[in-house]
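The two complexes that follow have chain A in common; it is paired with chain B in the first and with chain C in the second.
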Partner chain A sequence: MADTPKPDQLYKNIDHTMPDEAWEEIPPDLSQGRFPYPTKPKNLEYLDMPTPTKEEWSPADEEWPIPDNWQEIIHEGFKDRLEKYRSLKIFMDVCVRCGACADKCHFFIGTGDPKNMPVLRAELLRSVYRKDFTTAGKILGKINGGRPLTKQVLKEWFSYFYQCTECRRCSVYCPYGIDTAEITMMGRELLSLLGLNINWILEPVANCFRTGNHLGIQPHALKEMIEFFCDDIEEITGVKIDPTFNRKGAEILFITPSGDYFADPGTYTMMGYLLLFEHLGLDYTLSTYASEGGNFGLFTSSEAMKRLNAKMFAEAKRLGVKWILGGECGHMWRVIHQYMDTMNGPPEFGETPKSPITGTVFDHAAGTKMVHITEFTADLLRHNKLKLDPSRNDNKVVTYHDSCNPSRAMGLFEEPRYILKNVCNHFYEMPENTIREQTFCCGSGSGLNTEEIMELRLLGGLPRANAVKFVHEKFGVNMLSCICAIDRAAFPPLMDYWVPGVDVTGIHELVGNALVMEGESERTMDLRFEPLKEETEVDADE
Partner chain B sequence: MSKKNRDDIISARRQRWTEKWLDALMQTYPDESACFFKDTTDPFANPVGAAMKKGITDLFDVVTSEAFDPEAAHAALEPMIRVRAIQEFSPSQAVGFVTEIKSIIRRDAGGSKEAHPQAEKLQQIADHADRALLTAFDIYVNCKKQVYQLRARQARDSVSQLLIKKELISELPEIDPALSE
Partner chain C sequence: MNVAYLYSLIAVVVLGLIAYAGVEAAGLDVLFGVVIPYLALIVFLIGFANKVLDWTKSAVPFKIPTTFGQQKSLDWIKHNRFDSPYTTGQVVIRMLLEILLLRSLFKNTRVGFGKGQRIAYKWVVWLWLFAILFHYSFFVVVLRHLRFFAEPVPFFVSFLEKIDGMFQILLPNLFLSGVLLLGGALLLLLRRVLLPKLVYISKPADYFPLFLIIGIAVTGLMMRYLDKVDVVRVKELAMGLATLQPGIPEGGISGLFYVHLFFVSILVAYIPFSKIMHMGGVFLSPTRNLANNTRAKRHVNPWNYPVKTHTYEEYEEDFRDKMKEAGIPVEKE
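And now, the complex of A and B:
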């Protein structure tokens, strides 16, 4: 919050003139570059979602292709959800507009657009709720903060519900615990009823539904890509790894976001997982069907999320594994930790996860039978089961970004740090109010990591980048670590723009570098084929 | 009037002029946002405000110096323009605040008798502000260019790695230097 102003400042600031326009009157900016592209109709059709037009259209168009009875559709959809979700009803009623959330959103902090204050973003929905669903609002209308659902309001929803990354930083500060991410989720669901979705979300959803992962990588291609990584690993370490696919009877099924297969630097993290499992001799398998940890259904609707999530349990049951180990992904863990059990549980396979190496039983994961890989690895380290040479990461001065969902949605703060402190020698924290539960979003989460809104993403990521810049200048940090595939994709351009000289990594890439493998050749390169010995400023100072 | 006296007046008014300059800059934002940018002092909670406050202070030193220092101007302007280049402004709005110092000083000096003999110095500040505006324009264009490059790179990288890995395209191999000798 802003500092409390002094009395004379308050007097000075009293202005009796009314603002030129009320916030309700200011139309959203839907010029090119200020919105993500709408989805292609084929994706909507494939998912059996409302498809109002087969023509290409743009949010910049004056008229949008929506059905004539669009107001009725939204009204009924809103009504259904208010009845279905008690939380939504409470969130609509309970806000006292205290403003605690107002300056906590990275998009507001970066853009300075008041409608990016979480309270006002929620008000976009709340004002319609008041008008349509409360007695006072029906009678008093605008006086009670209600407003009719017009086409401009609809455009505002599209603009601002796609300027929220559902990171839930604002919720941390709300005295009532209003989860503004859920308000955005409801806003997007309602827009979906009219076919108003964005392509960067719907295409992955459709691909995932058909092929099993966001990019539509087919089974044979996925297998070849993993084998390609194994070739690289052999070249770097001299160790030949031969992972199995869709193997029935394996003890553990490993599921990670597809970003780890196809997008650098996530691919190096994938190589780290493979090295770790080989190091342990783990009885695991990969699936070419449940080949996606991420779930862009979360950014679409509860139905889409449930449909995509179901494949994890289905595949675990089909293969007969005991439990599922999950990779470094962000929103994947919000879905697993907060929704999976009620959506698709209880799972009809396996047992409460137990580490075959240490014997630790992960009781907290009894419901979903899914364990986060940093929990698994931290447990290995605690029991001294890994042979490590952290000096191989000495050319990396590392800081850690708490990826929003694992930190705020599942409270995963210590495990990644514990691993980092074991696998590298130079680790520095960013300032306190930018880490752990107060972490700042990368600015590209919840399906907004698309290039057409690059400016918006860079502004949304500014508070995070600003904290990285601080440790970069103070401690010489040159590596930003995180446990989210979207982070790994979003941070490289963010760093290029705000903090050149800082690279991005997953935690298990650093683990992979440090692991001393049985029968390995002398390591001269890290998993990126870059030389291990490169003197840093820190070394020079020491 | 001696140089010392001139500098005394500038340093005496430094705070007032930089505050007004910052106000002029903040007026380009909606009221609620301007309050936040101005009043929240933690640089990690408010990186935009922190960049603007420091930038204006540094820029004031640049325009009131005897000689215009292009490097110092660049250093003062860069953090501010880097933000404003991607905020919702037209190019002229993004950089326009730079010359606001001219009218601020002119208005202030106009009402003060002791300031009149400063005409020469005031003109120098105005000239420096004009040059700073050109520097700001350069930075603005570079930032925009960088954003377009980042966009293009994302679009390109999202497919190229896959194509290479699937061997649908073949990159030229590295040529062994020994062979080319």
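And now, the complex of A and C:
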């Protein structure tokens, strides 16, 4: 980040003037800092995926290590996917280029690069589709917007399909529901056929395949980490928690993204879960095998997604649990909600999830047998099953970021808000056009939260950060809450850069702070070991 | 600069001249009045059916609705039925609202950069408004033209004409829809010529149909209000076409009419190969026409295939010693 300009400068540099040259003529910018590093060959080999070369290479190189018949491979792959995905075929055919999506993409807003307009991101594929697969395109060629698949087009795909976070915001505004996430997913699958993937995605995929989680944490280390959090919890609350691992016969299997036990501030959210379960006396277990809620396979190919996701149902069956409870994570919930049962179901275990505390039956999860933790907790709160002291969060003025996938691929809007309003006293919404289904991505989703493209991430995250800045200045918001592990990793640097003075938290960290545990000692610190203050500077009326 | 619109404009003008000259100078009334309209209709029917069949042949492997509102979860949380439909009935309503009211377009906003790092999003209604004007007036105009293809004129066509002409101005009575169609098309064209982002993304395939429709509207209005056409003969020709007893009416019809008819023929034949297919595609869009109930009801992927996974047994094999040491239960001691 050393050569990243100051925020004022970066903001001023954003230019939405369209270039003079047609976009087809402009080569992609593949200079250092503009692309995520390609996958290390060992990861591809481990996953039995096409491995173009054993040498190190860079997208900045003129020649890329791709097989000689690469055009044929792409053509066949494209054809195959047109038959497998109606979404792709429809989205290739029906766009009228009305421009409604153009300024809805956070990457376009931040970079001003026309090829970050969703319509043009899709045209990258569409131009090749027209030339290769449509009658009009075969006859009319360029007039009809067709384009031969050249190496420059391939480089363009790599550049721009890794400048899309699959957040689906554009698909909200499209009159035909064209979803750029589908386009990007297909584009990445095609690139993957040539072995063109990025390491920030494939390394987690390979890790997850072997160890059960993206970060490659082995079972004993995982247990140590959780025990470490339990020590912290004991120090803060005086309550000793002793969670179980891989325990057969537990009622509930709890699965959360590995980000929650790996790095701050996700770890505090993990402590929140542990406190909540202890508070309830829940009969649950953690698994070291299914130790990942997230699924970077989603950012690779449907096959990679399925391979990783299979662990959840398999482990639930092996342990003989009744149902699965899932932690706070964005894309994890896209996979669970929209893909899991289709790919790896129907599940061969358990029963329709039922809260052992309130007796509520979660009918809407009858098929997958998996419930979102905010659904579970909101239900507890509704039934007054939690003893809370929300004033312990009074040192926090909170806003809520609707994470992309739970918003636009699930419709999870009220549950987290209900919890927030119960566990903290100072909560303010960001402006209307930046929340709920119109929420802005953190700029680092879909496997792009890698260091080498930090400037791009800061630009992509600008619309979200800017809305936070608004409530920071207006209401004194100092805490950005969210239900996504990638958010929790991506927001701290984004906030430090654009809105210093705003920290990032998961919802269940705030729950953990507010929970009054049986036999606890008087709390003087929150889960971050920061002192609790009685009053905030802001005179909130809530 | 994007000169795509010039090419498209020239193409449409040339097409118009061809029809005019073809009839007026070369006497090709039968070609432009019978052969081409029939050909166009055949191309349209086969092309349209083919395209839709081709779409339906592709699988829908996953249920991927884009949700705009609260999911159905806990009883006491208000479920947003039409923005996050749970049942087929709710999906149908969502689709109807989308198709009849262009609801997604209604959400449109424009981003603006203010001083002091202030980004704002303003609701903008123009695109929605132009689109509504354009589509509905087009629809009414098409329905009104049924008067030429049926005897007696269907009651709903006469009724529609009454409403359409309720202002009772000009003679013959001005139909609002024709003017609005021209206006709507011109406004949509203006966006594409004036807004820099729109200019940048537009292709000949965007301008061509617009110019064609503008051409259709202009020639239509001219025939009704300026260079009046003999509507009895037009009806005779149309009825002939509709009853499969085609013929050119005695005394002929003006060249202007054939330009109009040729434009319509081109448009109709062009539909299956163009973006106008959005009128069929919108019904099949998987982000709109599927229910948000995937956790309750399993969706089946017809091509779902087994994949290589890393089983628990393989995992334990890898880590058994470490697990045992850490006191984590194992299957095989």
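Simple rule for what comes next: the second predicted complex is superposed on the first by the 516 of 542 C-alpha atoms of A that agree within 3 Å, B and C clash if a C-alpha of one lies under 4 Å from a C-alpha of the other, contacts with A are read in each partner's own complex, and residues count from 1 in each chain.
Heads up, the rule we're going with is that contacts are C-beta pairs under 8 Å (C-beta built on N, C-alpha and C of every residue); 3 or more make two chains touch, one makes a residue touch a chain.
None of these values were measured; they are calculated from a predicted model.
In this superposed model built on chain A, chain B and chain C take up the same space, so to speak, and clash. When both complexes are overlaid on chain A, the residue A:Cys174 reaches chain C alone and has no touch with chain B. Applying the stated contact rule after C-alpha superposition, one finds that A:Tyr46 touches neither chain B nor chain C. Judged by the touch definition given at the top, the superposed model places A:Arg34 against chain B, while chain C stays out of reach.
Of the two partner chains, chain C is the only one that A:Ile336 touches; chain B does not reach it. By the touch criterion defined above, A:Phe262 reaches chain B but does not reach chain C.
Of the two partner chains placed by the overlay, neither chain B nor chain C lies in contact with A:Trp57.
In the superposition on chain A, A:Thr111 makes contact with chain B only, not with chain C. With both structures placed on the common chain, the touch criterion links A:Met225 to chain B but leaves chain C unconnected. Partner contacting the larger number of chain A residues, of chain B and chain C: C.
In the superposed model, A:Leu458 lies in contact with chain B only, and not with chain C. Superposing the two complexes on chain A places one region of chain B into the space of chain C, and among 21-29, 39-47 or 111-119 that region is 39-47. For the contact definition in use here, the residues of chain A common to its chain B contact set and its chain C contact set are 19, 102-103, 109, 114, 117, 224, 431, 433-434, 462-463, 466-467, 470, 498.
On chain A, the positions that touch chain C within their shared complex are 7-8, 11, 14, 16-20, 22-23, 48, 82-91, 93-100, 102-104, 109, 114, 117, 119-120, 123, 134-136, 143-145, 168, 171-179, 182, 209-212, 218-220, 223-224, 245-248, 288-289, 302-303, 306-307, 310-311, 314-315, 318, 336-339, 341-343, 345-346, 360, 362-368, 370, 375, 378-379, 382, 407-415, 418, 431, 433-434, 437-438, 462-463, 466-467, 469-470, 498.
Chain C contributes residues 1-2, 7, 51, 54-74, 76-78, 80, 83-84, 86, 98, 102, 104-105, 107-111, 113, 117-119, 121, 123, 127, 131, 191, 195-206, 273-275, 277-278, 281-282, 284-288, 292-301, 303-304, 307-312, 315-316, 318-319, 322-323, 325-329 to its touches with chain A in the complex. Chain A meets chain B in the complex at residues 1-3, 5, 19, 29, 34, 102-103, 108-114, 117, 215, 221, 224-225, 228, 262-264, 267, 431, 433-434, 451-452, 454-456, 458-459, 462-463, 466-467, 470, 493, 496-498. Partner chain A is touched in their complex by these residues of chain B: 29-37, 39-48, 82-83, 86-88, 143, 146-147, 150-155, 157-158, 161-162, 165-166.
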